[in-house]
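Once you've had a glance at the structure underneath, I'll fire off some questions.
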Amino acid sequence: MCFTQNFWSLLISGLADGFLYALIALGYTLVYGVLQLINFAHSEVFMSGGFAGYFVLQATLGSHTTSGWGSVGYVALGIAAGAAGGGVVAFLLERVAYRPLRRRKAPRLAFLISAIGASYFLYNIAGKEFGHNALEIPAPFTNLPWFSIFGAPVQAYYVVIAIAAISMLLLVDRVVSSTKLGKGIRAVAQDAETASLMGVNINRIISQTFVLGGLLGGAAGFLFGLNAGVVYTMGFTPALKAFTAAVLGGIGNVRGAMLGGLVLGIAENLPMGCVQTAWRDVIAYGILAIVLLFRPTGILGERLGRAA
Amino acid sequence: MSDPLELTEIPERTVTSAALPPDQRTPWHKVVHNDDVRRLFACVIGGFVLALMTGPEGDGINMLSGVDGALRFPHLGICLALTVGLWVLITVRHRFGERARTASARVSALPARLLPNAKFRGLALVALLALAIVYPAHLNGYWQSVLVQQVGIYVLLAIGLNVVVGYAGLLDLGYIAFFAIGAYSDAFWTGALPIHPPANLNPFWVIPIAIATAMLAGVILGVPTLRLRGDYLAIVTLGFGEIIQIVAINLQGVTGGAIGTGTIRHFALHVLGINYVWGLDPLPYYYLLLVFVVLALFAFHSLEHSRIGRAWAAIREDEIAAEASGINVLKYKVMAFAIGASTSGFAGTLVASQIRFFEPGDFTVQLSILILVLVIFGGMGSLPGAVVGAAVLEWLPQYLHVHPLFGFQQQDLYIYFGAILILMMIFRPEGLIPSRRRRIELGLAEHGIGTADAMTAGASPSEPAGLP
Amino acid sequence: MSLLQLVDLEVRYGAIPALRGVNLSVETGEIVTLLGANGAGKTTTLRTISGLQHPASGRVLFEGRAIGDVAPHDVLALGVGHVPEGRRIFPQMSVLENLEMGAYRRRGNLREDVEHVFSLFPVLGQRRRQEGGTLSGGEQQMLAIGRALMSHPRLLLLDEPSMGLAPLVVKAIFEIIARIRSQGTTILLVEQNATQALQLADRGYVLENGEIVMSGAATDLLGDPRIRAAYLGETAAH
Amino acid sequence: MTSAAPLADGLPATSPEADLLVEVEKLTLRFGGLTSLSQVSLTQRRGEILSVIGPNGAGKTSLFNCLTGVYTPQEGRIVFHRRDGRDISVVGVRPHRVNRFGIARTFQTSRLFNALTTFENVKIGVESRSRTGPLGAILHLPHTRREERAANARVRELLEFVGLTHRAATLASSLPYGDRRRLEIARALGTGPELLLLDEPAAGTNPAEKGDLVDLIRRVNRDRGVSVLLIEHDMGLVMSLAERIVVLNFGQVIATGSPAEIQQNPAVIEAYLGAPEAPAEGAGDVAESGEGA
Amino acid sequence: TAATHHAATKTYTIAYEGPLSGGNQQLGLNMAYSVQLAIQQANAGKTFGKLPFKLAYKAADDQGSATQSPTTAQSLIGDKSVIAVVGPAFSGATKAAEPLYHAAHLATVSPSATLPALADSGWNNFFRVVADDDAQGPADALYAAKKLHVKSVFAVDDASAYAVGLVDAFAKRAKQLGIKVTHQEAPGTTQCQAGNGNVQQYGALATDIVSSKANAVFYGGYYCDFALLAKAVRAAGFTGYLMSDDGSLDPHYVAQAGAAIADGTYLSCACTNLGNTPAAKAFSTGFRKLAGFPVGTYSAEAYDATNTVIAVLKKLGARATRPAVVAGLHKVIYTGLTKVVHFQPDGNIAGSSVYEYQVKGGKIVELGMVSKLVK
């Protein structure tokens, strides 16, 4: 009974969450694929996207918002700025916190610690520089229901997320499965040394992978900030959830990340008719644990190679 | 010999100038590949970052006011001077510093040469213990409190987690959950929770019960999840940590919820005519803690060098080979997990008893990560490392904060903390005081043998190689 | 000028020397084989040539250029193909994708090259869509060689192509190697299987503990009693 | 290198039923769509050296993995008849339990504990049979110390046996290739097996080392009474050691018999050996026909 | 001479204990700068005229955590120049540290710890300038029932000690008044403070709220999360009243939710508007200048708490001791910006009345005292 009660509304918010998770999860999955490394600082890449979007929109439009087609341009500009910000931070992150370690073939735990360090550093310095209050990104649309599906109100924000996410996800899927960059990424993921014997510049591929993940993470950061504002701690929870989603779908697997994001988003939302909001994360982690126990490589299995 | 410049047609060449014969000049746009120049570049950027780190707080109203304030002349100048000065030092050392290097190597090798000497080691340990007993009594209340709540507790937590991460190679990101379980056990048995215990216990006997409870929780969590691979274990334990916190918040009728517990009774001992109550004064708690830390150190040291420690080492390196050699991998993992959990549980009990109150907000994921950082900073798998790492990282910020000369803003602490972690991993990944085995593993990993941690363990035998 | 020349090459793993002063040369069009016991340093030699390992001292000259510190992807671009020890197929790429990876640094139409590889190894043609990881050992070896050929190497480094393969497959592989040379690719072949390697090669070197202890025409080596004793197992098994 | 005479000497010729060691019956193992073993049946007698040969990918290593509990076959039965009379079904049992029953193995690519010394590597095998628990280890109880002394003695004895005494303190990672193979065998013997599974122990060793290896395997079998199941591509080595040979192809048993029989078997020649020839030469010097595996 | 006179002047340190790092940093900073400002102004002679002593400021970071708080307290107790403490900011931290302060006879005046039980523990050194949850929650319920005629309310708390107590008190009274109450916990998010909740939770929660057919939402928690919830419920089509507490009484609420969404929201506080008095202006401009950001939640309370302490010190002159300050605080009557500060024997603020506010045209406007409004 309680499951069917608000089924459509919950499904819609689940999908919106899921798309956001998927965008972030892709960053984890790509980096995991090539480095077998959980990029703990991806949450800060996400945050940087939020701030970049905020600053660029402030600098160009101030607190004016646009309407009609202008608002499409507004959101597109924000996404582009967020993606750029995320990409730049991801690139720097790889240069500073990972590459020196890779050069000396540090064990994975060292990468993990370095990542945690980078995460601490980045979000705290963001707090110091940009203040500890959430900054509002003025949205070019209202928060009132736009139209409804099966009686469930849909807000413009959800539509924005869905369109932006689907197009970006399709793009990345194409990049990874059929471009040269994608082939390089997959080759490095499967056997980096041999890839270098094939003429793949490993360092460059890794950089590009980080940037690719950063672009998506940053764009997600802007999309998230468009509703919730941007603040230095904004990355933590969404990123943790997205990481869960990546593992759920099969980490290192591009389509797995997308699927995992959607599954997690929906799975978190649907039972909300039955249980208190506060139990939401328990459900999310519970599902993760159960999936891992019965299917230890996630829903679609691991490895970037399978992404084709 | 043909013109070396022909090679520049190939993009992204990594020829270093050192590899070329001296008569071949490097084109200008390749200059950054020169190690000195690259380091200078890094140092200049470091200077800017340092300026940001030490600069004024931004206000979130005027965009980038903090950045603006930080990058003004005198401040930026000082920071740049510092980092460029560092570059000069490094460069001089690299170019002319053969002598300096050997000298410093000799100094840093000193402890290593002395330590294997059993007599020296014994003496040093006795001296340290004496110091640990006598010195704190001369500190003021604040430092005593720091010694218990910051240093002591975290030392205990770190040596416990060291068993899990350092010995068995299991990445546990939910370690603080067991701390919470210990603390709630204490609160429960002393009647500080909304639900009441079946029997009223002498508050000292709570300790073994809390330890056993935490251990049991470790086993219950461990048996299903320790079959999982390294990274998955990390995320599942992370989730477990979150779940414990959420449950503690939500089950208001059981735990008191977000408001926290009632007033917990201090430890008290009433046996054989001894009547002692631990009070508000931190010092008695310090000694209790010291006893447990010393016991734990002794126990874990023995374990490390027993067949159990060897089994852990084997599992860490190659789980499949360990299983094929008759080692019950799951059993040993659960054992490590349970030992770590019970240590964490005891720490929780002690904190609960001393402060007499706690709330679910005290058990954040960040705390689990912090303890992990202490272990790794000190040197994974090394008991002295865990002790020193925890002591230094917990004590130093307090010191810097209080000391008039530094008195840096507490709110900037984690910025420095993050920077230290990155620099540490780049320049000394084995930690402050590395264990012998760990150093070997890292060395092997650097030469492409093994991965130096069990994070990939459990992968299929035909798993292709990762990075070179 | 030799196509490849190693001059006083020294390579270390940490403090342990793996190669100590190796001098070796390969002329265009030759098959040169490098023999030696396990751990003699054969793989290390090949890895150093292709840039996976860097020399502690000494020089690697390819067509006269020093390439000792050049990264592997750039060595490949110079015309060195490497079939690594243990095949190292990309396990989750199809046969076709593996071949395409071989031509990663090249632009343009790969059809012809792919067809050429399939003509050398008809089995691969039948399995072009199969994932590399599910091929049998012999097929993987063929794929590894075919993949290296895709970059049009002038020098092909082959590291123990017969390792762990059934006798029948070994035979086929050696035939292919002969054909590849006849099509104009110079080959440096590392082998345990000394008899067959020497029967195929023009010249040979023998490596022991990181040093060249013997070299000469393949036929001479094949006849040398010391070689027969140590590497051809004449007196080995009772 | 003489003809491969079956080495049945020293074994009492009781009825084959009585001294069966392993019975594998209709074993089928699938990975997704790929069947790597199908309906494989074979038996090994106690004290026997049995060899499994076959082209690459035939399923030899998979068979080992089933026998040691690494993989659980979808169908079939594996029964292990222990010396003490207990019959144990191996299917679905975890690898460490299988090892405890008395089946030890080495790996196709050696898996040593590289950061540990040679001595410690063997000790880990030996100690997997000790009883000391955490309390004993912490408190240094007398029986703990007794056990430790006994273990050390046994490790020394095993190192002597495989000829690695002089390498006891060396890190496993810095051992030469041949020594790594011996160390793996010593570690496996340390667990006190009745059956030892060797997966291509001679792969990548030179003829001289091969000779030593043949000798070692024979001593393991004769002096220690350990039955050996051997995967090897080197026909010379197989022919000189094995009493019987099982040939796998595409996951199926295509032939079983004495070395002499196998060498004449047309199916085996077709699938694996190539045209018949004297087995005297080293590996590979055979065959004149056909396609790859 | 001036120099010797200056050297003879006594210096008292007023310390602040609260979160200066960690997820609750912003709330802590809101208060810390107020304390610092009050001290600066007093030293400059702007607020209390010429004082016979100098005041010093000392900040002590407890990260808002109960486990950290005792150590922090020890550092202040150990500093003999500390004469009184403004804080601890959080209820849990107060509960953990107060036994130590009590033993040291060091007065603590909290600007923000609202847990009712704090006043029942017999600590005579404990004071707070905010009304506890038992005063505010019921007033909100009364206003909803009598003034807004709410029949069914959906109450949400952010799982902080502050909000749980407040919403419980609210719910209890609301039920007595015949309102149907649905109560859910939605943990505060990392977006806003040290919560572990997830911003996405509000979408689903809003759905629940709409389908519960409640005609009012009462939120216990802070402005940032409340803004997110407000946006979500409006997006889900909720048309009833939005109500919240003093944690949400912050211009940021309007900014973050957007004026269109925030308009009409009712907010309550046991404090009156800062108004346009010169003192209030001096405070907000001074704060802005010192902190770099505008006055926020609990800033004014912290300012009042500090000035109350200074008022006591002024009376004691150069003879102030810790116990004397405690005694002085029990007697003080000081007219602050938010209220007249006068403590009951248990440390609670006396006669605190709850005021209702409403967002109108993007501004938060005071409607008046709840007890008067419902008449």
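Letters A, B, C, D and E name the chains as they come in the text, with residue numbers starting at 1 for each one.
Here is the rule we use: contacts are C-beta pairs under 8 Å (C-beta built on N, C-alpha and C of every residue); 3 or more make two chains touch, one makes a residue touch a chain.
Quick caveat, the model's predicted, so the values are computed rather than measured.
Counting steps between touching chains, the shortest path from chain B to chain E takes 1. Graph distance from chain D to chain E, where chains that touch are one step apart, equals 2.
Taking each chain's centre as the mean of its C-alpha atoms, the one that lies farthest from the centre of chain C is E. Set against the Cα centre of chain D, the chain with the most distant centre is E. Chain A and chain D have Cα centroids separated by 49 Å.
Distance between chain centres (mean CA atoms), chain A to chain E: 36 Å. Averaged C-alpha coordinates put the centre of chain C at 31 Å from the centre of chain D.
Separating the CA-averaged centres of chain B and chain C is a span of 46 Å. For chain C, the set of residues that touch two or more other chains comprises 52, 71, 73, 77, 88, 91. For chain B, the set of residues touching two or more other chains reads 12, 57-61, 242, 246, 249-250, 411, 414, 441, 446-447, 464-465, 468.
Shared contact sites, meaning residues of chain A that touch two or more other chains, fall at 131-133, 190-191, 193, 196, 201-202, 276, 278, 281. Of all the residues in chain B, the ones that touch chain E in their complex are 57-61, 65, 140-142, 144-146, 149-150, 242, 245-246, 249-250, 252, 257-260, 280, 282, 351, 354-359, 361-362, 364-365, 401-402, 409-411, 413-414. On chain E, the positions that touch chain A within their shared complex are 23, 25-26, 29, 156, 159, 184-187, 189-192, 196-201, 203-205, 207-208, 210-211, 224, 227-228, 231-232, 234-237, 252, 255-256, 258, 260-261, 292-293, 296. The part of chain C that touches chain D in the complex is made up of residues 16, 37-39, 123, 134-139, 142, 160, 162-172, 192-193, 195-196, 230-233, 236-238. Residues 20-21, 25, 29, 59, 61, 64-71, 74-75, 77-78, 91-92, 95-96, 99-100, 103, 115, 159-161, 163-165, 185, 187, 194, 196, 291-294 of chain E are the ones that touch chain B when the two sit in their complex. Residues 5-6, 9-10, 13-14, 16-17, 20, 127, 131-134, 136, 139, 142-145, 153, 155, 157, 224, 227-229, 231, 233-234, 236-238, 241, 265, 268-269, 272-273, 276-278, 280-281 of chain A are the ones that touch chain E when the two sit in their complex.
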